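Same chain, two partners: subunit A is paired with subunit B first, then with subunit C.
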Partner chain A sequence: MTQRANPLIHVLLLLTSLVCLIPFWLVLVVSLTEEKTLLRYGYSFWPKKFDLTAYLYLIQDATPIVRAYGVSIVVTVVGVIISLAITSMLAYSISRSDFPLKGIFTFYVFLTLLFSGGLLPWYLVYTRFLHVQDTLWALIIPGLLSGFNVLIMRTFFANSIPPSLIESSQIDGASELRIYFSMILPLSLPVMATIGLFVTISYWNEWFTSLVFINNQDLYTMQYLLNKTLLNIQFLAQVTSVAGGQITTRPPLESIRMAMAMIAICPMALVFPFLQKYFVKGLTIGAVKG
Partner chain B sequence: MTELAMTKPVTAVKRKSVFQAIWKYKALTALALPGILFLLINNYLPMFGIFVAFKDLNYTKGIWGSDWVGFANFKFLFTGNDAYIIIRNTLLYNSVFIAINTVLAVLFAVILNEVKNRYLMRFYQSAMLLPYFVSMVIVGYVVFGFLNPELGFVNKALLEPAGKMGISWYGEAEYWPYILTFVNTWKSIGYLTVVYLAAIVGIDPEYYEAARMDGATRWQQMTRITIPLISPVIIIMTLLAIGRIFNADFGLFYQATLAAGALKPTTDVIDTYVYNALLVSGNTGLASAAGLLQSVVGFILVVTVNTLVRKFSNENALF
Partner chain C sequence: MNSKKGLTVLLTTLLSSAIVFSGCSSNTTKSGSSSSESPKNTASSTAAAVKSDLKPYEVVMVYPDSTQRDLEKVQNAMNEYLKSTYPEMNMTVKLNPVDWGAWGDKTNLMFASGEKFDTIFTANWLGFESQVNKGALLPLDDLLKQYGPDIEKVEKDYHSGATRGGKIYGIHTHQELGGSQGIVVRKDLAEKYHFDLAALAKSRKMEDLEPMLKTIKENEPGITPMVGLPLPLEAYFKSGKMEMILDPVGLVRSNKDFKAVSYYDTDEYMNLARLTHSWFKQGYINKDASTSVQSNNDGWSKMKTGNAFAIAGADMEIVSDNSVPAPMPIRSKQVGMDLIQIPFNIDSLRTRKLADTTQAISKNSEDPARAMMLLNLFFKDAKLLSLFNYGIEGTHYVLKNGQVDLPEGKTTDNVGFYHDNQWQIGNQMLNYTRVGEDPKKYENYEKFNKDVAADPSIIFGFIFDSEPVKNELIAIENVRKTYDAGLNSGTLDPDVEVPKLTSKLKAAGIDKVVAEVQKQLDEWRKANGK
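Let's look at the complex of A and B:
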């Protein structure tokens, strides 16, 4: 059927797409507008006076941003690696129908989706028991494993790895660990990519753990630095006063603020078109069955 | 056949002695252990910690040493106006979100499915997914770009040229139910659309062929085939959302409002209330009482909803 879609449909979808994209355009334009113009005319969708000062300011002494970027990258990379390892190991073991603890462990994972202790007990465990506040671990540990991801992976293992494959390797004398590392992992690249992508996004976008556990400015993640600068322009001035050390004029705080947001969006916006396929695939895996 | 023959002895061993079997599978147990340990710390310890709600938590005395106060924390929570406001807000916001998101997502999924041009389809999908992809902090920036009282687009470019006074957005609570509903839809519609689109793509094309032979119009195909066939997915997604109706999206209510105190009457939800009680005003009693209430009601809702899902479609039930 080469029937063309109704033009009304395209109009509606185009409008919706614009509504989704235009807000980002506003942020971009503000970051590229001269400060005085901003202060006089306010934010607008077209730069009345195009200007790169905000970015130059940020580049000139980029320490706070580079540090925050570094923290975000370290947390994301370490978090994703550990997360994929422990998620897949747990998911694999409970996917094996001959594993005697399968039922208990599955229920154990499952119960965490139903009931939670709430914020206060959770907070107390991390601060009074693990003592991780103001360490990188406070940013890494909470996101390591979600029961939901374990169950998605378990479904994948159970459905797409034939039990006979495992049995024949056992007959050939391969140990369980050997089977897991040299057979299961290579076969599970699609689900690892999908879950890996989800976990990467959630680590990169995470700001709540910083808000709750981090006071040390050296450990601010990019999102938390953004959060701080949005809520508190004094904080932004303080960050940029280091940056503007050599320049005598007042730093263009309004445009710097939006420029920082653009810098934080950049990595995701750049990889997004390439990862979208996996992302959509992952959404549908996750949606069809937890 | 060979498969069956292979697994039988294994089950026989299992019957003999559980411990022997576990020992035999020690490698798999070891693989599971890090994840099990993580859940113990991150999920189970807090679950046991809910008794804090019945204590007057005193850090110098320690969690165990603090005095039991029975239901005092709950009494305190319910004597003020707070409990009413946060429960009302949480339930109202989530109900509105569920209704609007479901209707719009199904609509967009259906019409996206009509787009036959692959590139356009990919473009629409990407554009709609982008907000879902960025952090709530960025969403806060975007909202601020429009609503900043001194420089924001709405005040400076829309209201001022029209000769109206700019609105102090972060000081006027009445507008926020609309703003937050819009922001929530904007951020989450792409995700839900993709979920429903996947369900639509999964429909057997033969239904449509048969319908066309019988002379069904596009509209009829949509209302008589597409919607009925994806309705199980719609029902289940909706029921799952209802199961979470007592949990607000903390990021939305905290970041989009810039945590402005003046907005509390219309934007304070259970999650922001617990956060504030715990980390801003340091009132652990209130935080623990509200938190426990949320967990217990949430649990009851999830279990109820699951029973309902089971009624509709057994295979989609969570447990």
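Let's look at the complex of A and C:
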């Protein structure tokens, strides 16, 4: 049974992976097709006329992209480290059954999953209270804590770390901090990797915070740079008919947009396979009770 | 039991804290708005002493633009110039361009959060209406009187577009007062087949284009006779045959009876739609016209590939004589081949156009008087205007025979500052022209403006308040979205589809909109004695 899986499942999985891969392939091909051919014949699955102009163009004027890449990487790395630290601390605290305010904190975390303050209060907190606009913190802080991640971690701690382990450490004289750093963290690598990957992806894909908080182009993230070009095109397409052709801004060429997309995807496509082995383990242990 | 009690306590605290916080926030917004009002008073009191020294003030300018690498350099140059030329104003500017795509989100948040900024570009296609309704913009009448003499010199008669409730909320850029629409064809092919373009320009009938399309279709394999702009039929139709009040309701121009109708119900619309459809069926229009409209893969970029002949319903460039076929210098350069424009229609002076490009002053401004002084400078100081529009001479542009060109070896992408949106601010006629443009461009504009101003629309000055029919308009917009691309590109048969469309529009409440338009129009006529 385990050796020979159902062929139907194979076919299904094959189809699913195709559905995921085909758009990816199309983007790659379009990025490698000559612009005029694109205008004339539209997209195709095989380049009618192979052409590297888009990539050469991006390399030639690489400063904004390299910068955006750097910003994205810094934000992601710093964000993930801080995020894992505070997520696990909060999750660990509310996973301990002997923590008196456990219920209140759990409920508070849970509440954030159901209700949010809305866009304007969110914006006001960061700009008027924390004054982080136009700094890297504006990109890092908003993504630090997600209630969902806290709850997954809490379940993991509650289920896979026996309370007696903590108790025995306490008897041996370990302080709470010592227990946390020397016992809990090493034991929870799978869930840390899983949540780490979640957070990494969400940081890497985040563009809205840049849109709202960042004016300084040196602090644009990769995704925002990409999103910006796409949004601009969409917007201009909408308004040019109304504005009577007054807007002369040229939308960037189709193949360049696609080439940018390819470049933005790369790091995630590289990181994913290495973390994948933890992924399944951490998630199942975190999700299943018992 | 215990936990339940805890929950109640928690919820109570949460609720009460929520109430406290919301109370706080409304307080802060209140105090915010009052604090934004009080400087207005101080502004007008200091304004009395314009000649003496004003407190230094930074005017923050918000406008849509793509990212410019050398923004700061340009800003510094502007500030140096302001300091040396207008020391008595004691002001600096801060350029705060917002990306086109982020414009809506960002400006709404800026308004709502009470962030300090002074001037903002706005237009009826960028949410001017809702900004006025929200009270986000300051009324400008008094400020204009006091600090806007150079604005008034050229724009005094053209404030109606941005006037709401008897108050002016925006300052129209001094530029062309309308447009001109018609047909654009490729010069080489038109000459090859000896097309009589002058006759076409004289008759001004779309039908007369058909034989040319036929010739191209038969003799030039691989060349699409006509490619679609976004909404070719609509563009030409709305400017030429209708006085639009709000899409899709307007007055038919030929009967001057002030009777509002939906344009889908007019014969003029049906005739044009049938013609477009017959062209589509005969293969004169590109097969993907309905989708290319949506993807911005428009006629101009199709022209660029070299296998298209004509575009119908395009905006013409304003040249010295706008009634005869003429070369199209700017588009020709963009597309990379010689184009000829055949004008069919010149806009009449319309209220709507006057709210297409305006500068307003935000309620978050701490010194509206200084903001108005700056706006006024853009209507009088060509040097400041060039700095804002073209950047620094020698770095971002060079002058060749009095025309602007890119510095040697630079492209628009790597020059560092290529703002090039001269239509956004000030007196556009003060600008340089670009190499390739008619050096007399702005003289042509002035002449064109005389023609337009001499022919005001019969409803010039009328502004429709869409508030009472807001919901209907959204429903109508959704219906139109599903049909317009197909009908405008000729893909759909109007005799089959338009009846379906109109019945759906009826269900969406078009009759109510038409009635509301008629009602407001009648009131306006009574009040203005038309």
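Definition applied: the second predicted complex is superposed on the first by the 228 of 290 C-alpha atoms of A that agree within 3 Å, B and C clash if a C-alpha of one lies under 4 Å from a C-alpha of the other, contacts with A are read in each partner's own complex, and residues count from 1 in each chain.
The rule is simple: a contact is a pair of C-beta atoms (placed from the backbone, for glycine too) under 8 Å apart; a residue touches a chain by one contact, two chains touch by 3 or more.
Since the model is a prediction, treat every value here as computed from it, not as a measurement.
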Practice item. Considering only touches as defined above, state whether A:I94 meets subunit B (first), subunit C (second), both or neither. Key: first
Check your understanding: Looking at the overlay, does A:D61 come into contact with subunit B only (first), subunit C only (second), both, or neither?
Key -> second
Practice item. Would you sort A:F235 into first (subunit B), second (subunit C), both or neither based on which partner it touches? Key: second
**Study point:** Partner, of subunit C and subunit B, that touches more residues belonging to subunit A
**Key:** B
Exercise for review: Using the touch definition from the top, say if A:N215 reaches subunit B (first), subunit C (second), both or neither.
Suggested key: second
Review point. Which holds for A:L226: it touches subunit B only (first), subunit C only (second), both, or neither?
Key: first
**Study point:** subunit B versus subunit C as contact partner of A:T16, first or second or both or neither
**Key:** first
Practice item. Kindly classify A:G42 by the partners it touches after superposition: subunit B alone (first), subunit C alone (second), both, or neither? Key: both
Check your understanding: Where does A:G196 make contact in the superposed view: on subunit B (first), on subunit C (second), on both, or on neither?
Key -> neither
Check your understanding: So, A:V125: does it touch subunit B (first), subunit C (second), both, or neither?
Key -> first
Practice item. Would you mind listing the overlap between the subunit B footprint and the subunit C footprint on subunit A? Key: 39, 42, 108, 119-121, 123-124, 128, 211-212, 227, 230-231
Revision key, fill the gap. Counting only contacts in the complex, subunit A reaches subunit C at residues 36, 39-40, 42, 61, 64, 103-104, 107-108, 111, 119-121, 123-124, 127-128, 211-212, 215, 217, 220, 227-228, 230-237, 239-251
Study note, to complete from the structure: The subunit B residues in contact with subunit A across the complex are 2-3, 6-7, 10-11, 14, 18, 21-22, 25, 27-29, 31-32, 34-36, 38-39, 41-50, 52-53, 63, 108, 111-112, 114-117, 120, 122-131, 133-138, 140-142, 144-146, 148, 150-153, 155-157, 160, 186, 190-191, 194-195, 198, 218, 233, 237, 250-251, 255, 258-259, 271, 274-275, 278-279, 284, 287-288, 291-292, 294-295, 298-299, 302-303, 316, 318-319
Study note, to complete from the structure: Residue set of subunit A touching subunit B in the complex reads 1-6, 9-10, 12-14, 16-21, 23-24, 26-27, 30, 38-39, 41-45, 85-87, 89-94, 96-101, 105, 108-110, 112-125, 128-130, 141-142, 144-145, 147, 150, 163-164, 167, 175-177, 180, 201, 204-208, 211-212, 223-224, 226-227, 230-231, 254, 257-258, 261, 264-265, 268-269, 272-273, 276, 279-280, 283-284, 287-290
Exercise for review: Report the residues of subunit C in contact with subunit A in the complex, numbered from low to high.
Suggested key: 3, 6-7, 10, 14, 25, 66-67, 69, 96, 99-103, 105-106, 109, 112-113, 115, 123, 125-126, 179, 229-231, 234-235, 288, 294-298, 301-302, 304-305, 307, 314-315, 356-357, 412-414, 420-421, 423
